[in-house]
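Structures are listed in the sections that come next.
There are two complexes below, and they share subunit A, which is joined by subunit B in the first and by subunit C in the second.
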Partner chain A sequence: MRDVIRKLASMILTLLIVSFLVFLAFDLIPGDPAIAKLGTQATPEQVASLRAEWGLDRPFLIRYFDWLFSFVRGDMGYSYHFDRAVTELLSGKILITVTLVIMAFVMIVSVSIPMGIFAARHQGGALDKSIMVSNQLLMAIPPFFSGILITFLFGVGLSFFKPGSFVSYTQNFGGFLFYMIFPALAVAIPKIAMCVKLLRSSILEQWPMDYVRTAYSRGNRTMQVLYRHVLRNAMIPVVTFLGMTLADMVAGSIIIEKVFNIPGIGQILIKCIEYRDYPTVEAVVMLIAFLVVFVNFMVDIIYRILDPRMRQSS
Partner chain B sequence: MKLKRFACVLMTLTIALSGLTTGCTSGDKDGKASSSITIGIPQDLDSLDPHKAVAAGTKEILFNIYEGLVKVDSDGNLVPAVASEVSPSEDGSSYTFTLRDGVKFHDGSAVTAEDVKYSLDRCAASDGDSAPLVPAFSNIKSVDVKDAKTVTVNLENPDTEFLANLTTAIIPASNKEPEKNAIGTGPYKYVSWTPLEQVVLKKNEDYWGEKAYITDVTIKIIADGDSIVTALNGGSIDFFARLSADQVSQLSGDFTVYEGTMNLVQALYLNNAEKPFDDVRVRQALCYATDVKAILDMTSDGKGTPIGSSMFPAFGKYYTDLSNTYPKDIEKAKALLKEAGYEDGFTFTITVPSNYQPHIDTALVLKEQYKEIGVTAEIQKVEWATWLSDVYTGRQFTSTVIGVDASTLTAPALLSRFVSDAGNNFINYNNADYDAAYARAIKTTDDAEKTAAYKECEKILADTAANVYIQDMAEFVALNKKYTGYTFYPLYVQDLAKIKPADAK
Partner chain C sequence: MEEAILEVKELNIEFHDHELPETVVSDLSFTLHKGEILGIVGESGSGKSMTALAIAGLLSRKDMEKRGEILFRGQNLLQCDRNMLRSFQGDEISMIFQEPMTSLNPVKKIGWQVEESLRIHHKELSKEECRKKALDILEGCELKPEVYDMYPHELSGGMRQRVMIASAMICDPEILIADEPTTALDVTIQEQIIHLLLKLNRKKHTSILFISHDLSLVRRLCENVIVMQHGVMVEQGSAEEIFAEPREDYTKVLTGSIPKVVLTEERRERLLRSLASGTSKTDPRQPLVKTDHLYSYYRQYGKGKVRKVGVLKDVSFEIRPGQVFGLVGESGSGKSTLAKALTGIVKDTKGEIVRPENGFAMIFQDPAGSLNPAKKVGWLLMEPLRIRGIRDKKEMQQRAIRMLEKVGLSAEYMDRYPNELSGGQRQRVCIGIALMQEATVLIADEPVSALDVTVQAQILKLLKDLKKEMDLSILFISHDLRVVYNMCDYVMIMKKGEIVEQARRDKIYFTPKQQYTKDLLNAAGLGDLSITNEIDQEK
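== the complex of A and B ==
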């Protein structure tokens, strides 16, 4: 229990540091939100008056703490660039990014785990070899490139979907899910390859262990040994990897959203950095940071379920 | 009996469902095109509030929703809109408007003189200490409601060109949240806006003037330049303005391509206060070394209008063609540099905003051309926000390639910035003759004299080589052949109400 509290405390501290760094970064980089908003037709008076309206004329630390206290109270502030409340802006976008990440994650888990087990069981066989070779290749593909390949193959070549024409979930939920399959696939492919390789080697590492021999000697068949004993141990590094993948995909969605023209939080983030709309940037970064920290926390908990030794030692 | 009832229910359901599906897919491929269109725009709106929106890309869309007392027509003339009649006082110190009968806001209420006063006062920020939302409105002394149909705008200083600023949107005083709920008087009504996705408009059936042809307009935001052509060819959008020559060449045969101009002054803007460009001879040398035709050939297939001063052809009577002031002459350029003490050339930086590829392309060609006179240009790409704060507002730059546009079709919109003490004189231009000529133009109420003075200003800018003037860039607009009627405006405007289905007469 104390351990959980300590973890929670470090989570909060991490988030605080992240929020401060983002705020600081905006203070250091060139560009001013009011000037960016008003553009070339603005007079100095207009800029000054908008800066005052947004409170940008106050000292850095006061602005930070003002933002922090509002944020803690659930008020994420006002988006300068989109002229609406950040909460309202993001609420429609989070679902899009989350759908993308969940779809990719389901693909990764449902493909790589059976494939990894299969490859390990048929180690050295023709299929195992071909899986390994293609893995090596797919692992090296960055998501934006697999995205372009998928657009070319399924979008331009086979016309399964119209490239770049995102379907809004408010208009057509089925169409939205269908469109999201392709970016999800683009994100999932390299991760699947890595996960298969990891699981395969992890299983093979467990196989010569003493407990496996003991399990056999107690009359278990191969399948029983594999699923009841080996897999449980072999999954530990895989869970860590999947956890990292999940966090990585949320942050990495920025790129794939750009390739597929998906208006998710990644695109919002890019736009708002461009326009120095830092209340929105803070909110998005905090969201991503929270997910990363939260996933790590969950991974820790899953460890404990998978491996009773962890529960003992702490 | 039971079976029959079941069949009946099934039938109703089927009809209801099929109704739903067609509702979703209207505007797709076949037949239905007449009532809807999907257009693409490169950037999102920055506000729905017409008085607070500043991006040109936002204003060109809001043009369809809102109207001012007067509005611009496609020839650049100011025509009455919400007002039916304008009577300016002789000296230009006040303007009296008679409101048009039967103009209704999109919420159904009639436009009153109070709404007009509310809108103008709001933009002049006359009630508070904040800066006016429309800078020119700082000249408004008062807005007086004479009677239910008459409003007078009184100015501090007489200005015979003030009318151009009264294209400012008239909005209902009752709408407390114009940033959420766009209510205007234009040919299209606002339906919804999903940031980064789309804006939906619907035809205003009660419009006072010529009604729009197409009922439903969906405006999709396509931020990624590479997907524009795919979206057009794939049929997900029917219209896109401001395409490059390169993009046009990739279009399928389904499109009519309209060619116009962007209505801006693209130039290599030089910081006149900074070495070496504080010397007129150096600036002239760069002008002589610049081959505008080669730039057009390299960057846009030869399309575009060469210009020689801060004025583009859409300004009609104010425009004089000065593009031949500095024909390409390498020897002359070298001689001028020698005279100025830069016999061995020099190195300077061209700062370009990284999100405007046409300007980057132009800068690259210039860099090559200046090698001929021994001048080395280094191109520095910066983010737009950085450009705005450092180059434009901070004036911390040596030179920059950018297009300067005009907010209204009055000469001051382009020329006022070169007056020595103008707040937006980002090139630090300083010329007493110019200031005098400009002051004369503003002061006089005689139109011929005014026009002559403005032309003198243009000539001074060209002769002193304030900047290396390049072109008014070519603009290409693609419209699916299912539609017709696209009309260019001399300002940054997309008039959707004029677009009609190709089969309608």
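== the complex of A and C ==
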């Protein structure tokens, strides 16, 4: 329990450091949001007054702490470009991106774990070999390309969905979920391939271990040895991978949102970088950082549950 | 004789993973009786473990052929279907293994693992009944009930092996197969495990098939013994017969390879005289190696602060020129730390250390692990010369070849890779490399522990010959008191970083003063050699 509290503290510290670096970075990048808003034709007086209005003329540290405290209170700042509160701007989009990531993650877990077990069980067999070969292929396909392929196959070819016509969840929640299956699949495919490969080799690595022989000597069936003894040990590296994948997918979804024309965080992030809408960009980066740190925290917790040896050390 | 429980008839095991089939067990037949402890003795490659695994039903590789019969309860275990075989496994035939550190599942609680056989074979038992039985058997194996809720990594090696025994015995099996169950353990722990096995054998009348390379252990534990070599049974008989009057040549070599510990009349006189006078001759020469009240520490990080933990405590000793200094201790005694402190690998020390002018050379326990597998023997032998700045290729080669001959190998080994050599040959190469460093003091850290007895005898002889020839001094670190007796002039016993006792060899072995020394001697089966009582009577 004390370990968990210590982990939480270090998580908060990490986030503080990240927030400072993010804020600093956007302060140092050349380019003035006021000029970006007013255009190059604006007079210096106009720019100065807008900067004063936005509070950009105050010293750096004051601006940082001001931003940080309002962020903690749930106020992510004001979008220069869209003239709206960032919180309001993002609230609808976050749900879309989170849905995409969660759907992809569920696909990864529910497909790759049984498939990895199957491949390991039939190691060297024809099915295992074909799984491994197709894995090799799928791993090499970047999500945006598999996105295009899926659009072509399921959208244009089989007409399962209408390419590019995003269904808003406010209008039709079922339709929204159905539309999201396809981008989620595009994100998930290469990760599934990697995860199958990892789990398979992790199981096969456990198989010659002494404790497996012990388990057999007690009269366990092969399936019992696999599920009661080997799987939990073999899952330890897979959990690390899944954690990294989850964080990676949030960033990776930006491109896939473009391919499937989904108005999620990714789309807005690209626009805001274009318009130097720093408050929004900062907010998105902070959200992603929070997610990454949180996922790492969860991975640590799951690690402790899976592997008792981890509970003592540290 | 009691009824036969298990009959092995003309068992043959062949591997087909190479072009030519390799026979690992051929025409082996024997019978295990109710309540009997039968020992199978042999060196590596004798097929003893294969036999054990075949009986336990754990040999199921596809590239292997098994012929013959293993009869148990009227079933041939080699022929019966998997379900029948499984119904015996863990219930009627149980097995414990050599490596208690890895034989338990690291992520499952001890209680869960001990109960597993019950859950599989006795489904009628409730959770509570299983738990009660597990706690009973843990108690029977001299473990505390707290162990039930612990994980393997929280237990010592000896405790883990007790857990293994508990989990094997929970269904009251007819047969317990023990494959080198004490090899990875310290001698005093080994002794406790042996006592536990004997106790269980008497109490439950379980037949035990005891597989071991350790002849003196088999002699003390088993009634009957089978000696195996290269997959063939060489000799079979009662343990006393086999050890007292071996009939076959191989058995003679095997029993002859156990280092003998005997006090000759002459040395007995000398020992008594030196005990009477209370003084012993001291060597007038300066010691080569010396420590004076040596302490060593390591830093423990964690919980925010760094703690200095003491390892060696007040260690003072001297090694004289030409002496073979035996250092004996169990794991955690600090014997390896002492070697590291001498060589300067452990730096955090307090107290004076005198080192020889041209340093130390070291030999380690695991010859396979201490040779770079990517380099040829010649390259490895020449490395110390290169480090010293010798560039003349011809000279280096000649010296390497001369060294090979010195350690009993020939010039043709120059171009071999370490993995092409046997364990004994590798250790010879390691000795050669150490001698190439031209140090006056050799530190040998368990140099023969990983070797078979016959090879062990050869390496010990080589070390002795080289010592004489090159006037070496050796710090000989070992846990094996028989080996130490054969090699050393002077013996120091350590426990938990402290010196328990140090004296001339005969004094330690025949008139031990400290209880711990006596315990170690007892565990090695050398306890009854003490002449302390006789001396007291004479007085």
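Quick note on the criterion: the second predicted complex is superposed on the first by the 305 of 314 C-alpha atoms of A that agree within 3 Å, B and C clash if a C-alpha of one lies under 4 Å from a C-alpha of the other, contacts with A are read in each partner's own complex, and residues count from 1 in each chain.
One rule holds for everything that comes next: a residue touches a chain if its C-beta (ideal position, glycine included) is under 8 Å from a C-beta of that chain, and two chains touch if they have at least 3 such contacts.
Fair warning: this is a prediction, and the values are worked out from it, not measured in the lab.
Chemist: Who does A:172 touch here: subunit B (first), subunit C (second), both, or neither?
Modeler: first
Chemist: Quick one: classify A:218 as touching subunit B (first), subunit C (second), both or neither.
Modeler: The answer is second: A:218 touches subunit C but not subunit B.
Chemist: Subunit A residues in contact: does subunit B have more, or subunit C?
Modeler: B
Chemist: In the superposed arrangement, which partner chain does A:87 touch: subunit B (first), subunit C (second), both, or neither?
Modeler: Once the two structures are laid over each other on A, A:87 reaches no partner at all.
Chemist: Would you check which partner chain A:261 touches, where first means subunit B only, second means subunit C only, and both and neither mean what they say?
Modeler: A:261: touches subunit B, not subunit C.
Chemist: Quick check for you: in the superposed arrangement, does A:14 touch first (subunit B), second (subunit C), both or neither?
Modeler: Neither partner.
Chemist: Check whether A:308 is in contact with subunit B, with subunit C, with both or with neither, and answer first, second, both or neither.
Modeler: second
Chemist: Please work out whether A:201 is in contact with subunit B alone, subunit C alone, both, or neither, and reply first, second, both or neither.
Modeler: Neither partner.
Chemist: Which residues of subunit A touch subunit B once you look at their complex with the stated criterion?
Modeler: Subunit A residues touching subunit B: 29-32, 35-50, 52-53, 81-84, 89, 92-93, 155-156, 162-166, 168, 170-172, 258, 261, 263, 267-268, 271, 274-276.
Chemist: Name, in rising order, each residue of subunit B that touches subunit A in their complex.
Modeler: That would be residues 24, 44, 46-49, 52, 54-56, 125, 130-133, 135, 179-180, 194-198, 220-224, 227, 230-231, 234-237, 355, 382-386, 388-390, 392-393, 404-405, 407, 423-424 of subunit B.
Chemist: Can you tell me which positions in subunit C touch subunit A when the two form their complex?
Modeler: Interface residues on the subunit C side: 56, 58, 86-91, 94-95, 97, 99, 102-108, 116-117, 120-121, 151, 153-154, 164, 167-168, 302.
Chemist: Under the definition above, what is the set of subunit A residues touching subunit C in their complex?
Modeler: Checking each residue of subunit A against subunit C gives 209-211, 213-221, 224, 229, 232-233, 306-309, 312, 314.
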